[in-house]
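Below, each structure is written out as structure tokens.
Below are two complexes that have subunit A in common, paired first with subunit B and then with subunit C.
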Partner chain A sequence: MIYIEHMNNIDRRNFLKTAAIGAASLTLGSATVKAADKPLSDDRIGILVDTTACVGCRHCEWACRTAHGLPAGELESYSDNSVFKEYRRPGNEALTVVNEFENEKNPLLPVFVKSQCMHCEKPACVSACIVGALTKNEDGSVTWNDDKCIGCRYCMVACQFQIPTYEWQKSIDPHIMKCDLCSERRSNGKLPACIEICPNEALLFGKRSDVLKAAKNKIKRKPDTYINHIYGEHEVGGTTWMYIAGKKFDKLKMPPLGTATAPGISEAIQHGIFAYFVPPVTLFALLGTMMWVTKWKKTNGSDEPKGKLPDVNDEKEK
Partner chain B sequence: MKPLPVKKNFFSLGVIVLAVLAVNGLAFLSIRFYSGLGAVTNLDNQTPWGLWIGVDVAAGVALAAGGFTSAALAHVFHRESYHAIVRPALLTAMLGYTFVAFAVCIDIGRFYYIWHPLIMWNGNSALFEVGICVMIYMTVLYIEFLPIVTERFIGKVNFPGALAAFNKPVDALLKLLDRGLSKTMFVFIIAGVVLSTLHQSSLGTLMVIAGQKMHPLWQTPVLPLLFLLSAIAVGFPMIIFESLIASKSFRLKPEMKILSNLGSMTVPLLGIYLAFKLGDMFIRETFIYAAKFDYTAWMFLSEIGLLLLAFLMLLSRKTSGSPAMLFTAASLIIAGVLLNRFNNFITAYKPFYDTVTYYPSIGEISVTIGCIALLVLIYRFIVIYFPVISHEKK
Partner chain C sequence: MKKIHFILIPIVFFGYVLSKVFQPDSESVKDKFTVESISSTEQNEMKKFHDNSSLRVTQKLNCKSCHSSEYPTKDDPGLLGCPRSEMISVYHSPEEGPETVLINEMSDYYSGVEFPHKVHAEMSEMSGGCTGCHHYNTTGPVLNCRKCHESSRSREDVSLPDLKAAYHRQCMTCHKQWSNDNGCSTQCHTRKGSGSIINTGTSKNKTHPALNLPTKLVWETNSKTNKIVTFFHDEHINKFNLSCTSCHNQESCIKCHAGKNRGDIGKLSRKEKSIEEHHQPCANCHFGNSCQKCHRDKEMLSFDHARSSGWVLKSYHAKVSCTKCHGTKMPYRKVEHKCVTCHKSFSAEFDHKLAGFTFSEGHTGLECKNCHSGGDFTKTPVCTDCHDDKSFPQDLPGTRK
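This part shows the complex of A and B:
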């Protein structure tokens, strides 16, 4: 299903590119088309965050900073609980953060929720990026390409989870910063840093289909502990990171989102306006005809030379 | 009457004020290039786009719409009597788009990569569509302007000293260019109109992908249509506005016959936009948000109120006859569309995690005002040295 949909998109996109190049340089056929995104693998990654198992040690924050070369400080300093007083968002110096929420069932054991890029199945940022600097990889991760990005920050406007962040203090080479699922570590056969360090099995890493099954089992086995909702299973068409919790997700500051994919309407409009370049070309032909007809009407009632092409310098000759 | 350079001194009191504003803007701009966007703007990770995108880019593109609406009127529909307004409108569009490109260049973090969209394509991206269309349209506008340059210099090429030997060949080249341009110009004129309809609407598609982050009063799948219709509606008022200011500033007789006709033509164009805008509100039943009468609701109501007021003004015959009334109506429409773009990109953007409410900083406002001042100065310079404004020879 995903594969079929994907092929349609590729065809349409390729056509768009070919047609655009053709129109620009009048050399149809010499189009160089960017290698199309690969279809998502059935073995793509899934990660489950069990918010009832997280103890808020914030070791994942430290590991993430260390793995991405960001100023991390001492691991011991992360046991300071005062940071929980204010709600924090992932930023350009912390790609993941943990926040504390009240637990009505047991006030002594607050709920902790880790936030980072969700790695959407159909990411808005990838659809939005003007130069295609963001890629949805076969393995499910969404990664950013330093060599392409122009720093327009449209990905930040598009993302429903407000994840991509920007290095505002830099005038040269500012980066878009977000979780990349530790693509460098994984290429060396290692797990993402946060998952490796998590001491409490709050993070479950595996194939998305397996992880989803595990999540459903957990909810089935402990219906008193969990609410029957896997956040990320269907939200914006599904995400790589998924959450289970003991209370409603809007109480954990997770945006209430529908199941429609984020770029759905936008892409439909975009491809509607440009459907195989038919509308623009039709408009061009229509206006050309109109121009010719009105000119013909004018010349057949005046002494202007006939058959002359209309031009902006008309007024000069008079 | 034909287009002639305006006989007038470039310098005046107003010019000095504008120059000061421009220098002030450029000073803040230098900080942006030295210390990054964070040093000058109030933008943050929750509000990635602000005044520069909402006003300099989005409103700038809308207010430059006079270029394509007048080209369509005078050249596609061959209403010869409107030729007098084509050149000023073309100049505004050309300068307007140049400043839009400039604003994009200062707003994007990696300004030195601004050429990337030319070779790195993403057909799914509305921004890619806008970017490419604006680049091509800007080129088209410069080509459309070339005949004005050749007209200025043909027969008047006069290099000093030893270079005088080049006078004849350069003149011949200009004539050749002029002939080639007048034979092919119709292609560029139509292309200009097509490109404008495309990117004016795609500018509306831009915010659709923001989904729930955009306030329901503005977030609608018909945004592209609303953007296109409002751009068409603001085209003629913008020409009226400039033409009346220019005739006041240069002490020329205003072209009231043409301008009042443009005013009457604005009535149906504005009416269509308002019908769609209000229709969209009723179909999606978003009036419940407007009836809250909070800050957001007032911003929405004022944008519609300004346009409705202008619409009612233009319905009366008195308005199109009097320069002052016509100027007021045109200004209201311009303000309404400007506010609409500001609202779409800034007021309506209410993300889920909104830690700090965004207000444009002094630096952002200074740069925006500086850019407008610089644009007006260049406009004045060009109409003094090139045959743009039609008037009687004194």
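This part shows the complex of A and C:
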């Protein structure tokens, strides 16, 4: 906006000059932006949720709340099974929840599915955030920055898993709440809280490549137990949290998403257009051409327009 | 000329933009390619796995049971996950194992557990034996969990569960089905700081409570004729001397323990069985019998050797095991009611007095068949069979004066 206003006060020659410089600087600028957008590390985190190993103790819920300073209550109170009667979603006071699903193979052993932010390899929330408050880190985690967020909640709309939630109840400094893979704990050399507390290691934490290999091995070893699908291996371009299960994932309320990345199409358009400062240059080039042609026609004279073009402001005043 | 420049520049820009937008995403194309290649190789490996599944039956191992690489080296053994049921295991009687095991390694929130090993070991005989828990045991001493399972959760090799998970997975599968209870402190643990280890003292000398065995089970089938099936559980144990494990050898604990505190869900524990599953335990022995052996129009009477065969088992014969006469092979061989069927080397040394008839001097030279015609010893011969009743006892066989 500032740029356009500034444009109004300069003449054509200057405008073209500035445009050229602007384009050049932005080309450089976009190059530096790309360099800052670090590629994902080969050792980035992967977590495998083995839904056949989860016993639904909900200790992860307690640990998560405790680690994030949310009201957690007593650990014993989490053995109450009645919460499974209703399907629950992660919210601003529970960044992870476990839901129960029927197990046709053995009704006595229901399937439990933990849900939380998937930490997509190509996260839609990061792409949608207009101020860069959400970051895809080198280690694979997607974190939110309080200092940058303006509370537009675009990330909530963008997420295919509908994970980020807003602290509606807070009038002052509401946060966008979602799993941050316990970045604070990990910086102190600890594991994420849910992973540390899980009694059955239904949450397998490691390098994404190792975890993926372990998952494939499990499926290969027990083809009767697991279906041959690792949810999150390719979904929306891959996710940090991955799931294996004994029944189809859409039956576990995991959305059947394609392998295309969510920001893929929109970013291709937006970044395509805006990269190298193309649209403003094009727009003003077009406008400039039109003005130049009109003026040239008006003067009705020689092949070449002579003298300076009148200022846009002058035109308006008339 | 300059005009053309101003028209060309936007066109070039637009062209560039369009090409950028509609350019196929090279990375996603690459991804798709690898997806396909992975799934096809996986399918092949799966097929291989199924082809090798005869391993389960023969319990033979080859290199590939444990190693993923074709040429394993010490530095890179390429070990696969634990193959569980494919491993050979040594057998130990429950008495040889420890009575209790204290599990007290990694307790952050809860105190340790005193695991009643013996009770579990005893009952494990009916569910596949020691291998149910000690799933990796080559011939040698019985390995404990921590021999293979690392105690650290953040570790290099994530293919095996860590120690905490290894312990819990052993217990949870059954106990979860048993009680549907998620409470850690209701069955095994106590919350740290709130008391001592649960079960202390009580698990010593703990044995499985006496089993409440059924005497007779009667089923009604859906069939129109012969719909009643009767099974005498006590007879199979007491009369036919079968051990529990001869029928119950692959049971899950849940067969008996399910639905304790579950209410309605407990009823679901009786899974629908196929015809094969229903008949399998009986068919192991009764495979040669006709359907009418079990399927009757009314309840079967309990087994009586006299009734079913017409041969009353008295004194000596009552103590003889079934297999002595009927053979060990199932179904039992039918035996004719003749002594020679079993007593093939029947000799004169036999003390005929025991049969209630003392030979007089004149009878000693006779052969058995002279009186017991046709080798039928069931019928007791009487004097008149040989001696003419009119001249008996005056006219005895042989010369007498």
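Brief remarks on what is shown
Just so we're on the same page, the second predicted complex is superposed on the first by the 253 of 318 C-alpha atoms of A that agree within 3 Å, B and C clash if a C-alpha of one lies under 4 Å from a C-alpha of the other, contacts with A are read in each partner's own complex, and residues count from 1 in each chain.
FYI, a residue touches a chain if its C-beta (ideal position, glycine included) is under 8 Å from a C-beta of that chain, and two chains touch if they have at least 3 such contacts.
Keep in mind that what you see is a predicted model, and the values were worked out from it rather than measured.
Of the two partner chains placed around the shared chain by superposition, subunit B and subunit C are both touched by A:Gly288. After overlaying the two complexes on the shared chain, residue contacts for A:Ser209 are found with neither subunit B nor subunit C.
By the document's definition of touching, of the two partners only subunit B reaches A:Ile130; subunit C does not. Look at A:Leu191: by the touch rule set out above, it reaches subunit C but stays clear of subunit B. Contacts of A:Arg89 after superposition on the shared chain: subunit B is touched, whereas subunit C is not.
By the touch criterion stated above, A:Ser41 is placed in contact with neither subunit B nor subunit C. In the superposed model, A:Pro107 makes contact with subunit C only, not with subunit B. On subunit A, the surface touched by subunit B in one complex and the surface touched by subunit C in the other have residues 269, 273, 288 in common. The residues of subunit A lying in touch with subunit B in their complex are 9, 12-13, 16-17, 20, 24, 34, 87, 89, 91-92, 124, 127-133, 148-154, 156-158, 160, 162, 165-171, 173-174, 253, 255, 257, 262-263, 265-267, 269-271, 273-274, 280, 283-284, 287-288, 290-291, 294-295, 297-298, 309-316.
For subunit C in complex with subunit A, the residues that touch the partner chain are 2-3, 6-7, 9-10, 13-14, 16-17, 20-21, 23, 25, 28, 31-32, 35, 39, 42, 45-46, 49-50, 80-81, 83, 108-109, 153-155, 158-159, 161-162, 164-165, 168-169, 172-173, 176-177, 180-186, 191, 254, 258-259, 262, 265, 268-269, 271.
Remark: subunit A residues 53, 55-58, 75-76, 78-79, 81, 106-109, 191, 195-202, 204-206, 210-211, 213-214, 216-221, 223, 228, 234, 237, 259-261, 264, 268-269, 272-273, 275, 278-279, 281-282, 285-286, 288-289, 292-293, 304 touch subunit C in the complex. Contact residues on subunit B toward subunit A in their complex (touch as defined above): 2-3, 32-39, 41, 43-46, 48-49, 72, 75-78, 80, 83-84, 86, 104, 107-111, 113-114, 116-117, 120-129, 131-132, 136, 144, 147, 151, 178, 181-183, 185-186, 189-191, 193-194, 197-198, 201-202, 205-213, 221, 224, 349, 351-353, 355.
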